[in-house]
Structures are given as structure tokens and as C-alpha cells.
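Take a look at the structures below.
Both complexes below contain subunit A, partnered by subunit B and then by subunit C.
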Partner chain A sequence: MTTERPYAGLKKLLATRRLTLTQRKKLWAYIFVALPFAYFLIVNISAMLNSFIFSFQDYMTISTERTWIGLDNYTSTLSNPIFHQALRNTLVFAAVRVPVVTVLGLGVALMLHNIRRAKGFFRMLYFIPFVTSGVAIAWVFKFLYLPNFGLFTHLFDALGLPRQYFLGDPRTALLSIIAVTIWASLGYYALIFLAGLEDIPVEFYEAAMVDGASAWQRFRNITLPLLNRTIVLVVILCMISSLQNFTFVRMMSKDGFGGPLNSTVTMSLLIYKEAFFSLRMGGASAIAVIFFAIIFVLTLVQRRLLVREFEY
Partner chain B sequence: MRETNNPNRLWLRPGQIAQYGLLSIGGFIMIFPYLWMVSTSLKARGTWYNISLIPEQFSLEHYDRLLGTSLLPRWYLNTLVVALVATASVAFFSSLAGYVFAKYEFFGREFMFMIILATIMIPTEMMIVPWYVGIATIGWIDTLPGIMMPGMLSAFGVFVMRQFIANTPDELLDAGRIDGVSEFGLFWRICLPLARPALAVVVIFTFLGHWNDFLWPLIVVNSDNMQTLQVGLSRLSSLETGADWGGTMSGAALASIPMLVVFMFFQKQIVRGMKMSGLKG
Partner chain C sequence: MRKAILCILALLLTGAMLVGPGVAAQDDEKVTIEFWQHESGGKIQAMASVIEGFNELYPDIEVIQSSFPYEEYQTKIAASVPAGTGPDVAMIYFGWAPLWAKSGFIAPLPAEVQDVLVTEFAPFVESTKLKGEHYAVPTSIRNFALVYNVNLLAEAGWDTPPDTWDEFVQAAKDCTKYDDAGNITQAGYYLEWGGDGWNWWRPLIEAYGGQVFSEDYKTALWNEGGALDAWNYMLDFTQVHKTSIPGFYEGELEAFAAGLTCMTPQLTFAVGFLRDNAAPEVEWAVAVMPEGPAGRITTGSSWPLALTTKALEDEAKLDAATKFLLYMASAEGQERYNDITGELPSRMDMVELPKYAEDPIMAPFIAQLEQTTGTFWADELAERQCALDMYDAVTVGGMDPLEALNMGTECDQAVRDAFFADW
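Coming up: the complex of A and B.
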């Protein structure tokens, strides 16, 4: 085994100091971990702290001057009707998407788990949107949703349903976007469920079958309780991704900023707009801090409410 | 629910048939938008609104235009460079950090690891403003390093690598030490080759994430030349006059097909990765 050349000098230095093996190991550990740890401190931790600081300052991008203004950014944010709309839309987004994704994802996973052949093929079909960029998906669905000319209009006509303007109508715009995000992530969550299902020992089902339990009873009394951790995981992951959704609302809302009539404006879109179009970095940071607090609290609450410990 | 009777008879049970039926309907809904995308991208200009899956006037003009006269090839290159460099960095440094957290005892280890894990909880939206300010200060706005900067290391990667490298027997490392292998050599020649399955997962997910990343590149890029594929694609229609569905659909196809190919090749790793990455909580 040859020595690593770039380290030769350092190694010699360490050797002359006559450190014990343990000391040497410790030293190397610090050397190896220094750069990655410093990276996380600078890029993530200090960015987060800076966001807190900016939120108490009057800070526009163009002017480099920053003055402390106390809670002004927070009070003006909380009295801004668009902020209320964004908060409501974001919560609706999660409240609609999470249950639908959880139920459909579990359904698809159960069927994928049960079928005997072509499992890999079907798994692949559902998972494909996960590797497709949100921008590409958004373009395709914008085309499908196109009023009057789009395929969905023709489909509604053929089914005898009233014509919809989908993304152009404040009443349906948000739901239309949510539907796309459900389509796009269903396979991903189904795959997480599938991994959970495969972890449940087959013996439990065999024992239940011997006792004459019906399919529903087996699902209700074995699958659901033992899948609890996976369900909690899916709910939390899906909730966080729903709250943070940016690509689809940015791409699919009428004007790119939550239109029509702010019916699709969300928290992340509002932060983006405040910071990079209204050029209010301080105001954007205040929204970001509130946003972070909401995600944090909701995640903790869900953990508390949903986790049931089962040993097996 | 695996009954162990004669599999050939069960194959045709009504329950199985119903499940195949439902899965096929769902699968069709999954795949249809892709078919529509490709079909529209092949329709001649102005025939986009024809409701037929097979183009009546078949044409490659949109691909020709995007690959020939637009900046799309440049955007491909930008994205490829960003994704490759960032993925290499994430792969190397996440593994190195994961190796240290798994195999060394030192003061502050738990604390450092907790800090790194905690960064997963910080939403990107909260960091973009400080990132932008920092990047502007060092003059990296509208540059490839500026796009890469926030993605050069991944806490998820550190976590996955630590979990996996922890399984490498300590005896193997001690044997290496006796043979005079350096501490870095233990990582590079023993731990990393053994952690290849985990590394594959980190590499694939990181590459995918960078390829499809949208929010940060959208902010940091200004000029047409520096666009990543996704940002360029998102502005495709506004570059032209009016709706250009052939252009956007062929652009969407060009942006998504490389990842579909990658996925076909690495399906097993991706599925295995989702199982072992500790995602199960």
C-alpha cells in the first residue's frame, strides 16, 4: 500500500509528534469532517439565521442599506390580504393532497403487493412521473387543461359534463393544480408503502388465514397497525412537499404569481414574489420565518397524533 | 397476502383479475400524458388542437428548431455540468462525512451529526434570500458555480452513507491499519467500495434532484445563455410570440427523456434505495 501523496507532509508531521493511535484517529476524523461540517454551517445554518435577521430589517435588494425596523415586516405581512390567501391556499393544498395521496398510494401499493406477475412493470409505470421534471409535467398538463381546445375539455364534452376553465377559473384553478401534483407523486408514495408492506412478516397473514380471518379483517388488524410507521412517514413527507410546492404553482397559475385572482398563490410563491419581484427581502424573510414555523409545528403535531408503537 | 396454493389456478382468480384491471387503468392514466406530449411534439405547426394520438401531419420541425436554432443544447450542457459536478461533490463529501460519523469516536460527533440532520428540516424557501445575498456578494450571480453552490453536499447523503458504512466490520479497518493503510485509504479503498450500493442511491437521487431543480436556478440565472434546462424550458413559450405547443411539448420531451432512460437502467437501485435509505422512519 502506497501513501497518499498530498497527505505525505501532514502524515510526517503527525508521525514526529508521536501521537497515540487513538489521538491520531481523532485528528484525522476532525480533518475529514471539517469541510463538510463547515459547509452545512455556512450554507444552511447561517442562511437560516440570516433569514431571521433579515426579517427584522428593512432590506431591499437594490439598496444595500439595512436598517432595523423591529416587527414591522411581521405586522405588515400579517395584515396583508394576499398573505392570508396564500396561507389558506397552502393549507388547502396540503389538506386535499395528503389524504388523497395516502389513500390512493396505499391502494396502489396493496395491489402491486398482491399481483403475481408483471409487478416490476406496473411499479415502473406509476413511478415514472417521479423522475420527470415538474416543469415538463406542468407544460403537458397546461396543454391538456387548455380551455376550449384542450383534451380535458373534449373529455368533459364527451361525458356530458359542463365545460370547465380549469386553470382559468378561480374556483377550479387550485384543485386543477393539486390534481396534477397527486398524479405526479402517487407512484413515489406507493413505492414507500410497498417497501413497508414487504416488511410485514408473511406468517401473520398465514396465521390469520388459518383462523379464518377475511381479507378485510387481515387488512384492518394486521396491515394497518403494522404499517403505522410507514403511514406516518408518507403523511409527513407528503405534507411537507405540499406546503412547499413551488414548481407547479409557478408554472401553472395563470400569470405565474398565483392567478387568477390570487386563487393559486401559495406561501413559497409569495416568498419568491416578495423577494425577487417586489424586491422586499426583509418582508420575504418574515414570510419565510412564519412559513418555517408552520411546517415545524405541523410536523411535530402529526408525529404526536399519528405514531402508535407496535412491536413485532 | 400470499396464499401458497397452486399458483397457476390462483393466477386467474377474480380478485387478481380485478387488481390487474385497476392497475392497468391507473397505469394508462400515468402513461397517457407522456403519449400526448410526444404525439403533440410530432404534430405540424397549427395542427396541435387536433384530437388524435397519431399526428395527421407528422413533422419534426419543433425538434429541429429546438436542437438547431434555439439555446436548448447550451441549456443541456449547463445542466449536465451542474448536475455532474454537484453529484461528484455530494458523493465524495457525503461518503467521507458518513464514514467519519460511522467509524470514529471523537468529541462533538453526536452534536455535529445532529446539526447536519437538522438542516433537512429547513425549507429551501427560507434560505433562498440569504443564498442570493451571499452569491451576489461573491459575484456568482448568473454563473454555474452560483447554481451549484447550495447543492454541493447533502444531509440526506451523509445520513444514508453513515447508516451503510456503519455495517463495515471494524476488524477490516483494523487489519488495514496494521498493513499500514492510511486513514484516508481505509475510507477510499475499503469502506467506499463496500458502500457502493448506498453510493449508487445517493448519486442517482442527487443527479435527479439537480437535473430537475427549478426554484434556485430560476433565481440565480438571468441571461439566456446560463439557463438550466428546466428554467429555459419554463420560459420557452414566452420567448416566442403566442402559444407554441409544439415547441413546449418537444422541449418537455427532450427534458424528460434522459431521466426516463436513466430510470430504466437504474430502476433496481432506485427501488432498493428507497427501501434502505432509512426513509421508513
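Coming up: the complex of A and C.
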């Protein structure tokens, strides 16, 4: 007795249709792509469309009643000072984190690329923070940042610097959180750069050295141009993750909702707070739609500005 | 042999056919209700014990208990509403009751349950009463009492805990220690405003003769009369007396448990935490809250059970949910719950039970049940934010205290206006 595979019928059907081998291969490819696409459509796209619809409704999160209110959620969102603060903080978050992560990530990748011994060990060392739970990292850093007993306070004391209230001071709170997210994700971006560096043919460097190019000239004229696509990828990924950052601001901000004085409130946190704690799903959806539009535009602009084609 | 086996099988089949309908009929008669709560402390075990006791009385009602992490609780409820699923009875934070009632998620309690609350429970239950109706049955009550470190206070010259708010300040000053650079190494009292500080500031307003809100809950009175004294009193710990700095430690209770602070007003909930987590050298005791010019007043909170509007759609479920809530409000239900969580029941006839009244730790909490007020929250999260911002505006933003208080009062008033505008 033979056991028939579940897709045997489909296979038979395709065989009787007199398709060429290439056509059959393509058809199979489409069938395989269709499944995740259907999942994406149902889970992601339908949620986005629902959110878009909610943004025009007066909808309390735990209520069954919804009424159409036109653009009211958008006008109240745009006139809300906390929304402006959240937008500003989110942009600052990205504006600080993206260049620092890109430069440091590339620097770390160059070092890892050039070392000869214990390569795997050092790569693992930089990658460990990325695979560690963000919640755990946030809690550890909250204690390191304690203004009276924290490690950083002791370091400041040792250096003769004035004590800081890191997460409790509106001037330093956001930067303190950004610093942790940079530390936590550096290894991940360094790894992407490393993959890019290993794709550059060694012959280019050898030829340049024969021509007497200095290390800086080799970096400037070979490494940077040929890493352009990797840099664009890192910048876009880092920008999106910065704009969407939630875990660290939720866990580290004073009171958990973007304090003190809304200095750490970000768009993701504001959407979450509005939807599930203030129970204003309509308002939260309006913020989400505006935020989606911002990320979309920024990504397009970045691609247009950063992508360069180099032929050697 | 084969015939014998066939006979046995036939008999078994006949028996099953006779018994089967009976069993099916019993299942048909069984009413199932869904009960939801968030995971915290011993709540799951405590409610399992309540359900067990309830099923001894009502074996024909099945209560399905579902628990979710606190962070996900509101998300799960939000997802259940459009799906038409979700709980018939839900444990909620008492401060959520007004907003949840306004959204139509929870319903007024059945009249027979409300009658029990009115006649048997501590006055605190008034805080979840909306438009003359009760919406929630307390599982326990958490009120404030003064927790103190016996040895640290004695070292500072205080053999007994402070009895008035003036004495509290003096004791806090006497008990605070600094290093050579002037940094606090031991806080007489560490005020964490966003933790418990802002919670006991509200009864302090009343202890100073002020009012937190107007009688109809519609007006915030944070910047009037005694409320001004209470505000300055709280600010002075960091601004004048220097017994505390913001962010001294991660949590007031945690700082106390580590032996870094001498006194801390704490809710009943803290008892279990300190029994499990206080450092061995921390010898702690509990006293009633200090007295102010207008009396000794404390406040409380609770995680009560509420009836959802979903339960109203089915008469049998509503009847079962009513019985369940009545059981929760009974002495037996309260005792089963609080024996496991280590908290206090809120039925007044139970507080004189020796196991509560003669316990030196619990007795000060019980002694204040009559003076325990609750707060009616129009939108607890938004109102908390107003209070947090006004405190931060002074302590880290450098704003004038009165200006900040006015800003906070206006902020809270806007929340209340929005709440009452369409309800």
C-alpha cells in the first residue's frame, strides 16, 4: 500500500495540463509564494486597512459601538501637543541613533574584518546584546542609571563630574535610552556590514596597494563606494527600527509612558497608550496612519538620496 | 466464548445508551461563565479557591478562569469585544470602572449584589459607584498604613513611629544620612511621586482639611485650601528637608526592603512583598498613618470583580454570574481569597476576626478601614499623568510650585470635563 502525499492530486492536475517544465516550476513557485502572501494579506494588510477605517470613527477600545466622525481624530491628533512632542522625540531618536549606529557599526565591522585571531569569539561578543531580551537589558540599565547608587553615578563621581539624573531629567532621559539601544543593536548592524565587506574582492585592494594607495584612500575609494548598498540597507533598517522603537522607551522611561514631562514619549508608545490604556482606538489609529505616512515618505527619500551605482 | 463476549458488549452498549442521555442532559443544564483576570501575586490561586468554594454550593455552574499577563490584559479584552467573546465577569482595577462603564463594557451590578455592598462593605466601595449604581465587588481592600524600620528609627532617636505629619517630617530628617559630598546614603523617607507618593498625597489633602474633588466628582480642587498645604508638604521632602532625592532607588518599597529608607507609607499589598523580600537585617513594623490637622485619613485601592455587558445577553449566564458575584461578596468568598493573597477583606463584619485584628502587622490597616476613602477616577491614567507632570515640572523642570499645581489642576479638570461632557 502506498501513502499518497497531500499535494499529489495537484501534481497530477499540473502534469495533465501539458505545461512545460519551466511553466510548471513557475507555477509551483507562485503556489509557494501564495501561502505567505495570503498570511501577510490577512494578518498585516487587513489590520492596516482596519486601522485606517478606525481612524475615521469614534471608537472606544472596549466598546462595541463605533460612529463615523470624519476627520475629527486627525484634527484632534494634529492639535495635541503630546503628539508633536512624540513626533519630535521619534525624529530625534532616529536622527541620533542612525548616524551613530552606522558609523560605529562600520567601524566595528572593519575591525572584525581585519583581525586574524579569535574572529568568531569577537563576532559573538558584539552580537550577544542583540540576541539578549530587550526587557532584560532595559532593566539592567535602569539600575546602572540610578542617580544615587548606579554604576554610571560612581563613574561620574570618580571622574569628578556632577551627578546626573539620567532617566529622570527631561534633558538627558531620551539620550540615555538612545545610548542603550545603540549598544544593544550595534552587533547586528556590524554583522551586516561585515557581510558587505566580505563581498568586496580582495584584488581591488591589492591593485590599489600596488598603485601606492594609502589605507584612507583604499577605504575612501574602494570600501565606501562598494559598501553603498549595505550602507543604504543599514540606514533604512536602523531608521525604521528607530522610528518604531517601543520596548526600550516603554521599559526605561520614567512611569513607562514617556516621562518625565513627555521627554521620552515616542510615536509607538503614544499609539499603544492611546489604544490600550486611554481606550481611544480611533485616535490611536489616526496617529498610526500619520506615522505610517511619515515612515513611508522617509524611506522613499532615503532611497533616492543614498543609492549610488558604482561600476569597477 | 464468542457468544459470552457478544452478550457483555450488548449489555455495555445498552447501559451506555441508557446512561448517555442522562449525562448529556446534565451537561445541557450546566451553565458556563467566563472569568478573566490578570496574573499577579497569588490572584490565580486565590480565585481558584473562590471558584472551588462556589462550586461546592453550585455544582451546576462552571466558572472558567483565564489569566493574562498584566501588560496584555487590556489588549486581550480589547480584542475580545469586537469578536463577541471575552469574560462574563472580569477582575478590573477599581480606577478603571468609570471609563469601562462609560464604554459599555461593564454593567451595573444586579440589585441583590448592590444591596450586600451597601450594607456589609467598607465605605471605600463608594468610589466605584457611578450614577447611583455600584459596578464592582471588591475582592480585598488595599489601604495605606505607615511601614517603618524599627532599628533605623530607634537609631535616630524614635522609639515609636511618628503620630502626626509634623512628627513624620522630623523623624524623616533625623533618620536621613549623607556622605561627605552631601549625597543621601540613607533616606528618612524616600518619596517616589509616581509610585505611592501621589497616592497618599490625596488623603493628605483631606488630612489638611482640603478636598481632592468636589462632591459630584466634576471639579478638581487640588489647588484650593488645605490642598495647597498638602502639595507644599510633599514637595518639601526633596526641595527643603532633603530627606529624599528623585530616583533615589528603583521603587520605594524595594528601597525600604533593602534597608535604605526608614519609613514608607504602603498599601496592604506591601506586607506580602516585605515578608518575602525584606533584607534579613530589616526589622519592620506597621503603624497607622500619621494624623493631620483635619484628622487621620487614608486611601485605598482594590481589584474588584465586575459584571460585563456580555453576561446580560443570556439570562442563564446572568443568573450564574450574579450567584458568583454574591459568593465573592460573602464572608466565605472574601476569606478564601484573602487567606491566599494575604490582603484584607473589605466586609466590615470580618475585620474583627482574630486572625486579622490580632495580627500586629494587619491590625493598623484594619484600624483605618473606616477612614479609608477611595478616589473616583474619570480616567485614572490621564489624571495620574497630570499629577506626575506637575511634580516633575517643579523637581526637574524648575517651575514655581504654585504654577505647577495650577497647571496640574487645569490638566485634571480638562480630563474630568471631557469625561462628564457626554456621560
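Rule of thumb we're sticking to: the second predicted complex is superposed on the first by the 274 of 312 C-alpha atoms of A that agree within 3 Å, B and C clash if a C-alpha of one lies under 4 Å from a C-alpha of the other, contacts with A are read in each partner's own complex, and residues count from 1 in each chain.
The working rule: contacts are C-beta pairs under 8 Å (C-beta built on N, C-alpha and C of every residue); 3 or more make two chains touch, one makes a residue touch a chain.
These numbers were taken from a predicted model, which means no experiment stands behind them.
If you put the two complexes together on subunit A, you find that subunit B and subunit C bump into each other. Using the contact criterion defined above for the overlaid structures, shared-chain residue A:95 touches neither subunit B nor subunit C, since it reaches no partner.
Contacts of A:170 after superposition: subunit C is touched, whereas subunit B is not reached.
When the shared chain is aligned, subunit C comes close enough to touch A:278, but subunit B does not.
Contact with subunit C, but none with subunit B, is seen for A:60 once the two complexes are overlaid on the shared chain. In the superposed model, A:136 lies in contact with subunit B only, and not with subunit C. Legend: residue contacts after superposition of the two complexes on their common chain; A:257 is shown touching subunit C, with no touch to subunit B. When the shared chain is aligned, subunit B and subunit C each come close enough to touch A:149. Which of subunit B and subunit C touches more residues of subunit A is settled by the count: it is B.
Note on the chain A alignment: of 91-99, 217-225, 253-261 or 271-279, the part of subunit B that runs into subunit C is 217-225. Common to the subunit B and subunit C interfaces on subunit A are residues 143, 149, 275-276, 281.
The touching residues of subunit A, when paired with subunit C in their complex, are 60-65, 142-143, 146-149, 157, 163, 165, 167-170, 254-255, 257, 259-262, 273, 275-279, 281.
Residue ranges of subunit C in contact with subunit A, taken from their complex: 74-75, 77-78, 81-82, 99-100, 102-105, 181, 183-184, 194, 245-250, 379, 381-382, 385, 388-389, 392-393, 396-397. Per the touch definition, subunit A reaches subunit B in the complex via residues 1, 3-4, 7, 11, 21, 24-26, 28-30, 32-33, 35-37, 39-41, 43-48, 50-51, 54, 108, 111-117, 120, 122-129, 131-141, 143-144, 149, 151, 154, 183, 186-187, 191-192, 195-196, 198-199, 202, 205, 209, 215, 218, 229-230, 232-233, 240, 243-244, 246-247, 250-251, 267-268, 271-272, 275-276, 281, 284-285, 288-289, 291-292, 295-296, 299. Residues of subunit B touching subunit A in their complex: 1-3, 7, 10-11, 15-16, 19-20, 22-23, 26-27, 29-31, 33-34, 36-37, 40, 48-49, 51, 93-94, 96-97, 99-101, 104-107, 109, 112, 115-116, 119, 121-134, 149-150, 152-153, 155, 158, 177, 179-185, 187, 189, 208, 211-212, 214-215, 218-219, 229-230, 233-234, 236, 245, 248-249, 251-253, 255-256, 259-260, 262-264, 267, 270-271, 274-275, 279-281.
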